[in-house]
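Following this line, the structures themselves.
Each of the next two complexes has chain A plus one other chain: chain B in the first, chain C in the second.
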Partner chain A sequence: MSETALLQNYLLVGSILFGLGLTGFLIRRNLIVMFLCAEMMLQGVSLSLIAWGRYHNDWSGQMLVIFIITVAACEAGIALALVLALCRKSGSLDIVNWQNVREEGRMPYIDQEVPAEAVESEVWPTLTPAGIEPATDQQELYRSNV
Partner chain B sequence: MSDNLIILIPFFPLLAAILIAILGPKLLKENSHYVTVLAFAASFFCSLMLFFSVQGQVVEEGTSFESVTTLWTWAAVDNAMIDADGHSVPFLIDVTLRSDALTSIMLCMVTFIATLVAIFGAGYMHGDRGYWRFFAYVSLFVFSMTMLVSVSNFLLLFVFWEAVGLCSYLLIGFWYHKPEASAAGKKAFLVNRVGDFGFALAIFLIWINYGTLNFHDYVVDGQVIIPGVFGQMRLGGALPYVQGGMATAICLLLMLGACGKSAQFPLHVWLPDAMEGPTPVSALIHAATMVTAGVYMVTRCTPLFHASPDAQVTVACIGGFTALLAGLIALTQHDLKRVLAYSTVSQLGYMFLALGTGSLAGIVAGMFHLFTHAFFKALLFLGSGSVMHAMGNVIDMRRFGGLRHLMPWTFRTFLVGCLALAGIFPFAGFWSKDAILASVHDRAYPGAHAHDSGHDADHDADEHATHSVALLSADHAGSNQPNAYTNIYVWLYRSACFTAFLTAFYTFRAFFLTFYGPQVIPDEAGHHAHESPPMMWIPLAILAVFAFLIGFVSELDHKFAHLLTSTPSLAFAGMQDTMQPGGFHMDIAISSTIIAVLGIALAAFLYLGHQREVEAISKLKLVAPLRALSLNKFYLDEIYTWAIVKPLEYLGIIYFWLDRWLVDGLVNLVGKLPVVLGSGLRNLQTGLLPFYSLSMVVAMVILLFLGQVLWGGG
Partner chain C sequence: MNGCWLLAATTDSSSAWAELGSKLSGTEGRAIIGWALAVLALWLIGPNSSHSRKIAGAVFGVLGLGVFWSFVPAMSFLPAESVFLLLAGLTIFAAVATISARSPVYSAIWFACSLLGTAGLFLFQGAQFLGIATIAVYAGAIVVTFLFVLMLAQPEGHAFFDRVSWGKSPRAVIPVVTMAIVSLIAYQFGKSDIRNHVKAEELVARTVTELGGSDAAVRKVVHHQDGDVTVVEVDVVASEAALSKLEDSKAELQRSIGERIPDWSKCVVDFQTNTDVRTADHVAHLGGQLFGANLIGVEVAGCLLMMALVGALVVAGLDEEKKPGATAR
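Moving on, here comes the complex of A and B:
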């Protein structure tokens, strides 16, 4: 397989990843899904970078990807922490709940009501307890069971 | 020696002012007056020594004696101006003190009165909250005043001219919590600004025309580098004085400055209101010293005025008119201090009238009146202060009366002051007032006394007078208008005689109302209603002795005139052609005494005993409106309010709104622009994350597309 054809294949896959991620980021309202979509866009870009690096036969593409992965890891930590905090505040992962951070006096965007989630899916996964058990906080307990 | 003395004289009061300002609030407090009185006394002592040293040197070195002491150079600019001949002129301001006859006389008078006023003030201000503040201000004032009369430079004269104005402002508004006092302070300050504006313009013109502001010649190694305005070179006739319209302009602007400081019409309105200040201040600043600064300045600038007969006649007219106007107003005032204030304005008018005759006799008479007036007017003001002290700060003559038994010392000294002011032989005012009337008379009727000079007191003066009249007529024969303005001086002489009558009348009206009639004491007096303590009446007694003697003593051998005419400004060639001082005209003396006695007699007739006649007269249809006119000060304050203050206020309002809406509006418009632009973009803040990301994507697509189209990719 010629070098060009190989490059084309990689770029195709990369752009599909990027396009899927972008579309998902634009149309989904779930914070975690949006975050995952953003990650997917990053992966698409990374893939094209590697492809180009190989095509040009130098390491700079790969080097950049290492950077991207590192930064993405940090970003993931922060982003998940933020998502968790936001979720605790509003009790939901829906991004539209945060649209009150808007210009004063502007009417809110009203979408169709999100269908109520099934009862069983309201039970959130709990991790297996590990290490020393922290002091039990009734409030905390209640919230994790919402 | 005189070098050290002239420095020490202003130094002591300055030291006192600084000491009291620093230590007064915490340490000195009620003892502040010791510092001030000691400093003033030391200053007076130095002034006396300087006076005798100058007197000795005048005898030794002849007339036109001056000695200058340069302390340091205040400003020096090379090539400040190119004069008419193409030479570059440096701008050089040295801090230079001069001692000559005029300065030494002024210094003695100022420090002497200041010492007595400070002693009086210690009694008068006793228990006041601002005790130390009062003495700090007064010390600062005396420093400024002594500097004012001893500096040898127009710019420094202006600086201390302002400094005394500042002290006057501070002391008028001394009781600043009283609205009238702070308003009076502001009024004095603002009215003086008008005069100072003229003075400043005059200084500019002097600089342009003479290329220097120094009075004295600037000498290096015996060579005159810059000839001063009143330097020996210019006075000796080696350099000309500017003539014609420019001379008139300079003099009239100087006169405007003098009008402001010396309370002459039309700027006299501040002085009566200045009586809101503590009475010792009224005596020192607003009667004896600061208000005479204008007279001093015009005397100092005699050579400039000599170049412009038009300006001289203006000075005489302003002086004569002010004397008459203030005399008429003083007739009906109820406030004792206001009567005295208008009398001060009137007497200052007299001085200017004398200066305006332009003859040496007139100028000496004006300065002589300044000198004697300082003593008896300070005496009268301190006397009224003593009355005010006893009457619990009531000064309305309708509310007290018959105080002669209650306050014997104040009564006696006040009587001396009144006699001196009215001009009764042999009190001080008689001599000086007679000198003024004589000089105006000589100017009005040139040659009249050449024939009846047999009346003259001594033969020296006789010869002088004859000689000078001959020169005077020769001088006039050469000029275009022989006996220019004689008619005006005739009227001024008549008005001055009438003013002398008014003076005697209003002085004794106030005297009779205060000290005669049934004893009336206002409720405010309380337990104060008794003679003032010795600390207050002893200065009065000393001043009374001087008010009695000073005219007579100065007139002996024409000592005062001889000394004063040795001042460089007066001893120059041009002045020698005019009427010489020293002529004592018996006819004028007799007529003016008769006029004064008539005034006193009328006052006694009207105000002694029952005042039936006054009531009857003031109800006459003819008199009532005139009385209202006088009582309301010829409505000058109202006229100024409507003609000047109100229009300025409206103009101020217009400018305020222009500033508010036009200038501020333009600035605000610039500030509003981002807000207006932002208000459109602000609506994009939907708070919806998908919307933001979509707009990012769309924008990026657009940018990429544009990049592709415009720059062909890359």
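Moving on, here comes the complex of A and C:
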């Protein structure tokens, strides 16, 4: 198995993961999904680092990935505390609620149209609520609202 | 006259078509096709897309990935290639599902699946410790914390801002830019004559195995240019006797490489018996590196974790409610 071929395949997977993470970070508005996408970009970079480390027979690539994981853990801790604080202030995870910190002279973003929620085709099982007499309407009871 | 013009036009157009076909099958053309397919796929697979649009997007995405993979050389060992493609496919599919799931809970679960794929890719490279650490730290701790926060902050599940993006045109333009990055990287691979280099490295590995006999196993062959001399580094696992036999036949080896690979007519073979990253006591070596050469980094990382812990408590503002004068929200 050729090492050069292995390296190039890994670099391509890494770049695709990075590109997908960047796409998600820019198009999603949910704070938590944005952070997941940032972590995905880190994963793409980690893959490239490990591939280079093996190609050059050098441990530095894996060392860098260990430090990336450490920094990602710190970032996740602080970011989630921040998300929780922001969510308590604004009442939702929507990042549009924080657009009043934008640059001076920029127009605010206002949703032109909000598509209706698609009708859920699947009905998921839910746990029976404890301590309550079960309702007679079985359909209503077993319909999830997730 | 008219007929003449028509004939000229048809020959013109057919030659134009042929020219277009040759352009599109060239490296630039394939990069543009892969780019277009990937953008189309990401545009179709949105959080609010219908089932049929998502399937169409998946088809375009698979085609785009196929075009991107035509730029990199194959691994020429079928089991390795298939395991790699399986893991890479899982990773990329789960990544696309993460950014296109309507419910953020599903996003987090798909992200965990993507992490399992990445951990598998780490193991495939021989990075055992990091593969397990990724599962333990990312999938075990970070994703679970994300899910906790989701359940605290958005217990109702669906919200309208998960279905809309920043309007129609930014939604269409963003994949164009991000996929251009991927496409340019793939184009760089396609432009280099890397396929010939891969073939040449495999040839060198075969030649060394022929010369060394059963005592010498080639671990890997890499090469780099030093002026107009190609330095071929061969990493072998061999006994002392086999290694000295290989050193003796170095001149013959260099001559035969130069004969078989015209680009490497001036080549220097360099035998190495390094401790490979894939050594049997991999984790011991990793620990040695971490607490030897990178000891200061470990200390700094520990301080960073401590500060992140304190910072998270401050940012979360857990003690605000206890203050007598604090305003309730």
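As a working rule, the second predicted complex is superposed on the first by the 107 of 146 C-alpha atoms of A that agree within 3 Å, B and C clash if a C-alpha of one lies under 4 Å from a C-alpha of the other, contacts with A are read in each partner's own complex, and residues count from 1 in each chain.
Note that in this section contacts are C-beta pairs under 8 Å (C-beta built on N, C-alpha and C of every residue); 3 or more make two chains touch, one makes a residue touch a chain.
None of the values given here were measured: they were computed from a predicted structure.
Superposition model on chain A: chain B and chain C are shown accommodated side by side without a clash. Looking at the shared chain after the overlay, A:Leu6 reaches chain C, while chain B stays out of its contact range.
In the superposition on chain A, contact of A:Ala51 is made with chain C only, not with chain B. By the touch criterion defined above, A:Met34 lies against chain B but remains apart from chain C after alignment on the C-alpha atoms of chain A. Judged by the number of chain A residues each one touches, C leads among chain B and chain C. After overlaying the two complexes on the shared chain, residue contacts for A:Asn100 are found with chain B alone; chain C is out of touch. Of the two partner chains placed by superposition, chain B and chain C are both touched by A:Tyr109. In the overlay built on the shared chain, the residue A:Lys89 is in contact with chain C alone; chain B does not reach it. Fitting both structures onto chain A leaves chain B and chain C with a minimum C-alpha separation of 8 Å. On chain A, the patch touched by chain B and the patch touched by chain C overlap at residues 22, 26-27, 29, 95-96, 109. Across the complex, chain A is touched by residues 42, 46-48, 50, 65, 68-69, 71-77, 80, 84, 88, 91-92, 95-96, 98-99, 102-105, 107-108, 111, 114-115, 118, 121-122, 125-127, 129-130, 133-134, 137-138, 141-142, 145-146, 149-150, 152-154, 156-167, 170-171, 174-175, 178-179, 181-182, 185-186, 189, 194, 197-198, 201-202, 220-222, 235, 274, 276-278, 285-286, 289-290, 293-294, 297, 301, 304-305, 307-309, 311-313, 315-317, 329 of chain C.
In the complex of the two chains, the chain B residues touching chain A come out as 682-690, 693-694, 697.
Residues 22, 25-27, 29, 34, 95-96, 98-103, 106, 108-109 of chain A are the ones that touch chain B when the two sit in their complex. Taken in their complex, chain A has these residues touching chain C: 1-6, 8-13, 15-24, 26-30, 32-33, 35-37, 39-40, 43, 46-47, 50-51, 53-59, 62-63, 65-67, 69-78, 80-85, 87-89, 92-96, 109, 111-115, 117-118, 145-146.
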